[in-house]
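When the chains are written out, they are named A, B, C and D in that same order, and each has its own residue count from 1.
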């Protein structure tokens, strides 16, 4: 397989990928014009999102007996629970959102929709199904961060969202995203068949659309 | 336990329950003013919905070793796959929707959201979690059918949706809904604790909200 | 793919397959010399086995969205719960084992071992993993029945186990076994890769060994 | 609840608990008379066992949304994969078993039986079912270690197995075992009902019996 699976998946739903990665929420982040309330709403739901994201990697760890894959999945859970969430909490505090507030937030429908779709893909199918469903988030955020960072329209000075952009454009997150792309290829080598590709493209597309809805939720303050 | 679990759950989210069972889509069904396109869109997605609903009962059959419960769950899968879907296909044909058209429909986000939420509740938790998540649909449709049927505002003559109303108001479906209520009580006797109630109320509320979104999807032709 | 997957799997663990299909329990069934107590013990555990077997097909129904595959899996659950178990109960009564006695039997370790291995394969992996783990039982019993029936050493007259042999050698069961072989090939077309074959061979071999242990449990009255 | 759930479970299957915790393998460990081959066979299978044990805690992490419980479960996976397995590998090297040898070992039936039983309990049921199935191992090893350590019959000098006994009798492992007992009580507070107790006792008893079989496998070099 010469083409990377992630590129094939992305190419199969160009318009949806564009609608997600260049969503109005993202544009307003870039220019710093996003209403503070929208960002706060997004951040609070992202906290709940991360809990289910950690569960997805725990599920991935359960679904393999390959020690290397298990260790990678558990490192992801650990990273989310013990590093990413702490950073998130810190970041939220600078936006006047305390951790207790967030834990008590009712889950917005858009948060439920994407997270449960991912988890259920992994339970009905195998690890490849699960990681494909996760990839629009993991890899997409890296692409969004990198795009914004190099886009001349992006404002980094006096933009309250500059640190968010820099986090996802930064080397550390870019390497997380690249690892996720490489892992899809490793799994594809093990388990991809031509017959599965169409199904995986549908999974990827729906996950991408549900991610776009997550931005939309932030923009419209949907619950 | 004297109060029925279903009644407790419903009482815990009155406004959401009202927003679902008295949704504008339902009102327009009752008066026959719902645009044909909305109903067709709803019907097509309901076909996809039923597939995942059948999967949820198959999951319930897996999750028990009690023969009586297994047989009931399998009878539900069988009823959905071999009776309800056939009726549905027949009904759709009268609305110019062929089965092949429906199987090829892309799944709307609202369809994904509710179905995967239900399935994942069942996988993360136990049978009680699963059946609570299913109940706003199974029991709710019965309540909606019965409400519409006795409501003087409902038009049954020359209403293209009269047969839909009559199906859910009919004895057969009412008995399905009552069985579902009774089964919740049986499971509650086995597995309900005061500590779980709050969590089950959250599940029930979110499922109810996702059901309301399913109507909304029909109304707005959302994909 | 010209070779049938089932044949490949069987060829990969010839000795274990032989140890299972030509187990001493099977030889004594054929000659009618198996102690009555061993057969009764086997029958009682087989009743518990069937419950988990039905659960495995329910799980298979959950794990697909292909209507044809769902209907086939549900027909298997229904067949096990409503036909096979009834026949089993009837058969057991002729051996002085009532249904209530069987439902109260403690599960022998060999019963637990094979059934949970199969179910867990299906949860950790995908449908192909699940059906491969099921196949030594479904197809193996057909092979055992057919072998015994044509073996000149087999005694069918005045053999108390003749009806058991005839059931599995009969057209009805042979067609169940053939369907299972065909389904493995259908799934292989969708999901088999060279990289997965080794893993599936390990699954098949372990399932075969656990099936042999099930005979051994009957022979030694192990609990 | 005044009585600890673990004590109730243990009291419900006294003979099986005794047969497990005072198994001949354990007695021979205590006196240092266990054949080296038996211990090596046990160690190799225990390596495979730990992989599935780590998967069980990963599954537990998936099955909750409570951050404290998730962190505890993930710490267990991490502890098993990155500390316990490393110690195990080191220990095995002193017994001439290299890690590569162990990863290539075919899984013995007794290893499959206990591990898949535990995992499947967790998938069919909820976290309480899962942790109850895990407890004979986690807590049992602590009890065995402590018993041996205080038993005057135990030989600690010139016993090649002294370090094994000291590891499980040591403060670190004793505190792991006590945490597991406390966690059962926390889960029981959330999810235990009188109706579930009988079922949990059956789970506990079968898990205990399968653990005894694991010792037996070591003793008889069963594969």
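Here is the rule we go by: contacts are C-beta pairs under 8 Å (C-beta built on N, C-alpha and C of every residue); 3 or more make two chains touch, one makes a residue touch a chain.
Every value quoted in this text rests on a predicted model; they were computed, and no experiment measured them.
Peer 1: When the Cα trace of chain A is superposed on that of chain B, what is the rotation angle, expressed as a multiple of 5 degrees?
Peer 2: An angle of 180 degrees brings one copy onto the other.
Peer 1: Distance-wise, how many Å sit between the C-alpha centres of chain C and chain D, to the nearest whole number?
Peer 2: Here chain C and chain D have centroids separated by 30 Å.
Peer 1: Could you state the distance in Å from the CA-based centre of chain B to that of chain C?
Peer 2: Each chain's C-alpha centroid was found; their separation is 37 Å.
Peer 1: Can you tell me which residues of chain C touch two or more of the remaining chains?
Peer 2: Residues 55, 62, 64-65, 119, 123-124 of chain C touch two or more partner chains.
Peer 1: Looking at which chains touch, is this a line, ring, star, complete or other?
Peer 2: Per interface graph, the chains form a complete graph.
Peer 1: Flag every residue of chain C that touches chain A in the complex, lowest number first.
Peer 2: It comes out as residues 62-65, 123-126, 129, 189-193, 195-196.
Peer 1: So in the complex, the part of chain D that touches chain C is made up of which residues?
Peer 2: Touch residues, chain D against chain C: 55, 106-107, 109, 112-113, 116-117, 119-120, 123-124, 202, 206, 209-210, 213.
Peer 1: Taking the touch rule as given, give the residues of chain A at its contact with chain D in the complex, in rising order.
Peer 2: Where chain A meets chain D, its residues are 51-52, 54-56, 58-59, 61-62, 64-65, 67, 70-71, 73-74, 77-78, 81-82, 85, 103, 119.
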